[in-house]
Amino acid sequence: MKRLLITGAAGNLGKLARARLGHLADVLRLSDISEMAPAGANEEVVQCDLSDEAAVMELVKDCDGILHLGGVSVEREWKLIEAGNITGVYNLYEAARAHGMPRIFFATSNHTIGFYRQDQVIDTTAPMKPDGLYGVSKCFGEAMASLYHSKFGQETALIRIGSCFEKPRDRRMMATWMSPDDFISLIECVFRVPMLGCPVIWGVSDNDVGWWDTSSAKQIGWRPKDNSEVYRAEIEAASDCPDADAPQSMYHGGLFTAEPIHK
Amino acid sequence: MKRLLITGAAGNLGKLARARLGHLADVLRLSDISEMAPAGANEEVVQCDLSDEAAVMELVKDCDGILHLGGVSVEREWKLIEAGNITGVYNLYEAARAHGMPRIFFATSNHTIGFYRQDQVIDTTAPMKPDGLYGVSKCFGEAMASLYHSKFGQETALIRIGSCFEKPRDRRMMATWMSPDDFISLIECVFRVPMLGCPVIWGVSDNDVGWWDTSSAKQIGWRPKDNSEVYRAEIEAASDCPDADAPQSMYHGGLFTAEPIHK
Amino acid sequence: MKRLLITGAAGNLGKLARARLGHLADVLRLSDISEMAPAGANEEVVQCDLSDEAAVMELVKDCDGILHLGGVSVEREWKLIEAGNITGVYNLYEAARAHGMPRIFFATSNHTIGFYRQDQVIDTTAPMKPDGLYGVSKCFGEAMASLYHSKFGQETALIRIGSCFEKPRDRRMMATWMSPDDFISLIECVFRVPMLGCPVIWGVSDNDVGWWDTSSAKQIGWRPKDNSEVYRAEIEAASDCPDADAPQSMYHGGLFTAEPIHK
Amino acid sequence: MKRLLITGAAGNLGKLARARLGHLADVLRLSDISEMAPAGANEEVVQCDLSDEAAVMELVKDCDGILHLGGVSVEREWKLIEAGNITGVYNLYEAARAHGMPRIFFATSNHTIGFYRQDQVIDTTAPMKPDGLYGVSKCFGEAMASLYHSKFGQETALIRIGSCFEKPRDRRMMATWMSPDDFISLIECVFRVPMLGCPVIWGVSDNDVGWWDTSSAKQIGWRPKDNSEVYRAEIEAASDCPDADAPQSMYHGGLFTAEPIHK
Amino acid sequence: MKRLLITGAAGNLGKLARARLGHLADVLRLSDISEMAPAGANEEVVQCDLSDEAAVMELVKDCDGILHLGGVSVEREWKLIEAGNITGVYNLYEAARAHGMPRIFFATSNHTIGFYRQDQVIDTTAPMKPDGLYGVSKCFGEAMASLYHSKFGQETALIRIGSCFEKPRDRRMMATWMSPDDFISLIECVFRVPMLGCPVIWGVSDNDVGWWDTSSAKQIGWRPKDNSEVYRAEIEAASDCPDADAPQSMYHGGLFTAEPIHK
Amino acid sequence: MKRLLITGAAGNLGKLARARLGHLADVLRLSDISEMAPAGANEEVVQCDLSDEAAVMELVKDCDGILHLGGVSVEREWKLIEAGNITGVYNLYEAARAHGMPRIFFATSNHTIGFYRQDQVIDTTAPMKPDGLYGVSKCFGEAMASLYHSKFGQETALIRIGSCFEKPRDRRMMATWMSPDDFISLIECVFRVPMLGCPVIWGVSDNDVGWWDTSSAKQIGWRPKDNSEVYRAEIEAASDCPDADAPQSMYHGGLFTAEPIHK
């Protein structure tokens, strides 16, 4: 690629992507609503609020790939979610349509289906069961991607990210963890496959424990390599086992299912 | 019921509901963004913009049922759809949560799945394939209803309305038509079943032709009685048969699939 | 048939069958653990405890069809259920095997799946979710029938009876009701079809409301004719609507799901 | 239509179609390998061997619809089946491709799936289980239709005909019977629907007994009206009930499953 | 755990568990109908007949986990199966209910589905097809576990054990073998997962050959490590290949499908 | 085996099989329509046109296994495909039936389903979507194998071969590649499993990228070992990435979907 846009570049995943994806494009265009580190070699830094239609239109120009990590990524008050994940997503897809439809890696979330129980294994066709306003906003994003694919041919990888951290942080993350290495290889696969379409793919490592049928990853050639099991002793030592009926034991979405509506 | 709120009361479906649902509640509270006919006996008329959070909070108060027909119901520019069908829906569910969670009949749409082909029969679990921004906004509404059901127990009937008119207006509506009588009986069923949950139900009559597996209607006891077939001669006389690859022949959503993004 | 054995002949369904099935066989052999009315023309009356192995062996002799309505049909203490529905069923199948494997109509029950929610439509392959010891005993009976079919070729119709009364008695029975006429025609179909196999079939009328996909009835040619809807006004007048979270509103099995273990 | 080609016009179904489909086209072009009655008004009669490539090319010219009933329709020696149903079908599709791709009603057969058991209900997506060389040739025809649809856009209705006679002739036909009236209305639906695609549809009346999920008929608007049940007494009087393990009791395909390979 | 009850402790699996599960609980309470080796350190030994209600009530007291390997584990006369696997299971669940509902590992069996053919791959939702009275009794056990989960919240892992021996003993066991190491790790997973629910899980190693979709193991984090393939040469040298239509070649349940009813 | 017949022995797969399968039988009987290298030790060489009924009858005599690689294996004019893959297959199955029904490894093809899109993962039960006359002929072969299995008990492994070469040759083959070693081990599994039945199995290595659910391979104990990923750098260096809407990017069948009908 000539230019890969990374939104949400000031966040954890964004920083990781910035540090490790230089080989994917001649230039990385980095964007966030917050301030970012200054541009390095082969970088462009553009501060941008996704809810600003004109700014997003400008941001996407000249890019031939988009790694969309931006917007709100946890449960927040509605106004913030609406600005970043509803208005912002509309702006992004309209900008992509105006600028040659660069392929999009869209960071959606397990919180679109967070109210399934942990004794249920689901695949990517299971009807949505969002666990909060954030999850609802990601359902919206998935629907928007579907529309632009059906109507205009825009390609998007809908990556339902589990929990992408250096290592899992609690027992639930044993099942939802995606390692940084696996995250990077997943991005590579998305931008490498000749025809992407608009698939939903679980963003999760090859953990022993899990609730998601990850077979759709095969169509883009992604085979994650890491396994949360190497951290089990550490995780179990760090905290007591929660009760069977605690939200973090019960639901795919864990504690998100117990969050109130933020005001 | 003591008081049934009807949103979108100035629209065609709203007028129909107003005229025929007096028996369902002591009082009908009628609401629309547009002007409505003055309140008759056992009626309250409240003009209200659904995107006005405080107004919606007041509107829902004291209601023990909501027939939600309001918001935008065709393809329009994004700002209008966002105001009525995104912000408005958030406002509605928050107001319902604050006021005892009256059961909601939510008019969603076949345009949530409009990009399925007419040679595919689908059921209500088929992944969404919206055919426009309007359809995407209804996917959002369905996700919001699911969240409030999972998290708070709010009951909603997600009625994917086909085409509710006095009679079908073109060949595609032979398949998507819901008669006014069937529409009324469907509303009665939604408010009568002891436990509703949050089902998705196709709002379509017992037409000979169709693409939707209507079996989920049985769980609320709705058996539509009318059949578009009685209008076939009339419809076929009125216009030539479209080509097999015309949007109205090809997709569930018909011409919506060919609409541009409105600006 | 020469001789049709009816077990449970002193019960309500048994009496109904006795009164109306004379045309199916030269002789009706009537059996129950309780006393029955004396034998009429073309009848034999044999009092018999199903848990008595030798008695059952004698009972089945010379019969070429069995309408098995006997055993316990409600939630009771375990000893009674075990005697009638476990030991008794083993005895019945062993007797059938010894005596030419007469075709069996086996009255099983919706209580084998009573813990599904009323907003779920299921078919006959849904995994069992019994709602009491009675339901568990019927799961056992279905498994026994399957074994004797696979291993010995014994044919059984596993009829999951909903609620067979003159008319529905409460709101839940609007969905589960099987009319006496439909019950009789179902028995006729079971004994008429050239090859029966060992199908599971819902014993329920053509009610507007319901949670069961009744399509498996078609393979034996049974099309029920009655509809509980004609009793709706009467039912709704007789009692208030239960709460959405009451057992009779929530689960297929209704109040059985709330029964304690009997002691 | 201007001109509808009917192949197999000398057979029973062909004669029926000839007699009753005059309203569908200005001209009926009638073809068979055998002699036919002379052309009447608005008819053309063309004797033609389907295995003759040039003749079929000529036959299809100027037609804008094809009712393909020709070829072998029972179990016969291989050479005959190959000539009519393999070579002939290739010739037909090539001719259609050369001449504007007129829509095709293709008479395929329940013998493509004849080895399913009568205690199994299947839909049109069940893997093939042909019951003879005839059935295999029809599997070939369905595959050919699929190819020409995917590659060239040729539309075909793959109608798996059960047993189309004036009335059912034995107990198995109680389940497989399609009445002449339903056959005619089915043809009308195939040539009337704006977009046909390449669906598989069971050609069977609305019989009480059956093993086929007929829901795919709805997409073309066909709702059969007749029911074999009105002939039950007559059928049952005419012959004894076959044993449960007789081929006509056991399999969808009936006695075809017991036919040897013809030599 | 403070105290883990192991039933069937005198059997092969019981001895294995006794030898290797000391780390799971402060005390192992060992029980069997037969005599066992005397109690070692941190062990309690209680001889007990599962069909003795009072004894089982006492046995379960003070345990916070149950490894239920007891009862009959092969085809036997009905009285023995009923005592151990019907009455005994009722007694066990009632005792668990009375004593705080300790989590249960329930050794159920592939013989619940033994009549599936070896050319069919099934998952845990496939309808039961037991291959003997033993298999029927395990269907009963699975139904009982489901009831106590739905009604009381009792958690059970329904482990359908294939063939757990030091190494596979015949060609069928190449597919059904579970190694002792994998058996032990499976038990650890069952008692470690925060929320267990009532899942069905195949107790089988990671063999190259198999007929069971083992994906449900992932929800409890069990990834078996062993593979019967290392024993192939040894197994194939030991005996001739059975015919394709021999019971051990034909069915999941192998020779059990050919066992008579024991008397 | 005493004698294994290999058809298509002059082709690439045939030569590979000839070179490496000597251990499977006392004698390899090698056959092709073209000339082959002279018979070596334990070999018989028989030139034979599969469309010659008598010759095939003789060819199959005395064989107790058939590796059927013969016939046409790419898109060709119809006459050639019909001779080799239609008539030839009929001749082969009739010869097998006459000579003790030796087990058959039948090389069918991914081109039976070549018109599925590369963003769809399918399993072996997906309805056929052939991508050319060659693919249609293989659908025919699969139907023929099914018939002879249902009617006569003939066992066949229907191996849908992807692309079997020394290494993958283009990006599409990254997904469809089967290594020579995996091909050989697959043949061994087919002739080793006690009961084969008539399964459909994808002939594809354990590649990271793919569109086929390979789980049916487990029932015959085949676990492929190779992975095309080791050739990725080489493949990507050799050619530019095709457009997303190029046939080789779009469909399982790749360029076959764009081939014309050969004349």
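As written, the chain order gives the labels A, B, C, D, E and F, with residue 1 at the start of each chain.
Definition applied: contacts are C-beta pairs under 8 Å (C-beta built on N, C-alpha and C of every residue); 3 or more make two chains touch, one makes a residue touch a chain.
Keep in mind the model is a prediction, meaning the values are calculated, not measured.
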Handout entry: Fewest touching-chain hops separating chain A from chain E
Key = 1
Problem - Geometric centre distance via CA averages, chain C-chain A, whole Å - result: 52
Completion exercise
Taking each chain's mean CA coordinate, chain C and chain E are separated, in whole Å, by 32
Handout entry: In chain B, residues with contacts to at least two other chains
Key = none
Exercise for the section: Report the topology of the inter-chain touch graph, choosing from line, ring, star, complete and other. Expected result: other
Handout entry: Pairs of chains, among all present, that meet the touch criterion
Key = A-B, A-E, A-F, B-C, B-D, C-D, C-E, D-F, E-F
Completion exercise
Residue positions on chain C within touch of chain E in the complex are 78, 82, 86-87, 90, 94, 97, 112, 115, 125, 127-133, 135-136, 139-140, 142-144, 146-147, 150-151, 257, 261
Practice task
Using the touch definition up top, name the residues of chain D that touch chain B in the complex.
Solution key: 153, 155, 192-199, 215-216, 218-223
Fill in the blank from the handout: In the complex, chain B touches chain D at residues 117-121, 171, 174-175, 207-211, 213, 229, 241-246, 248-250
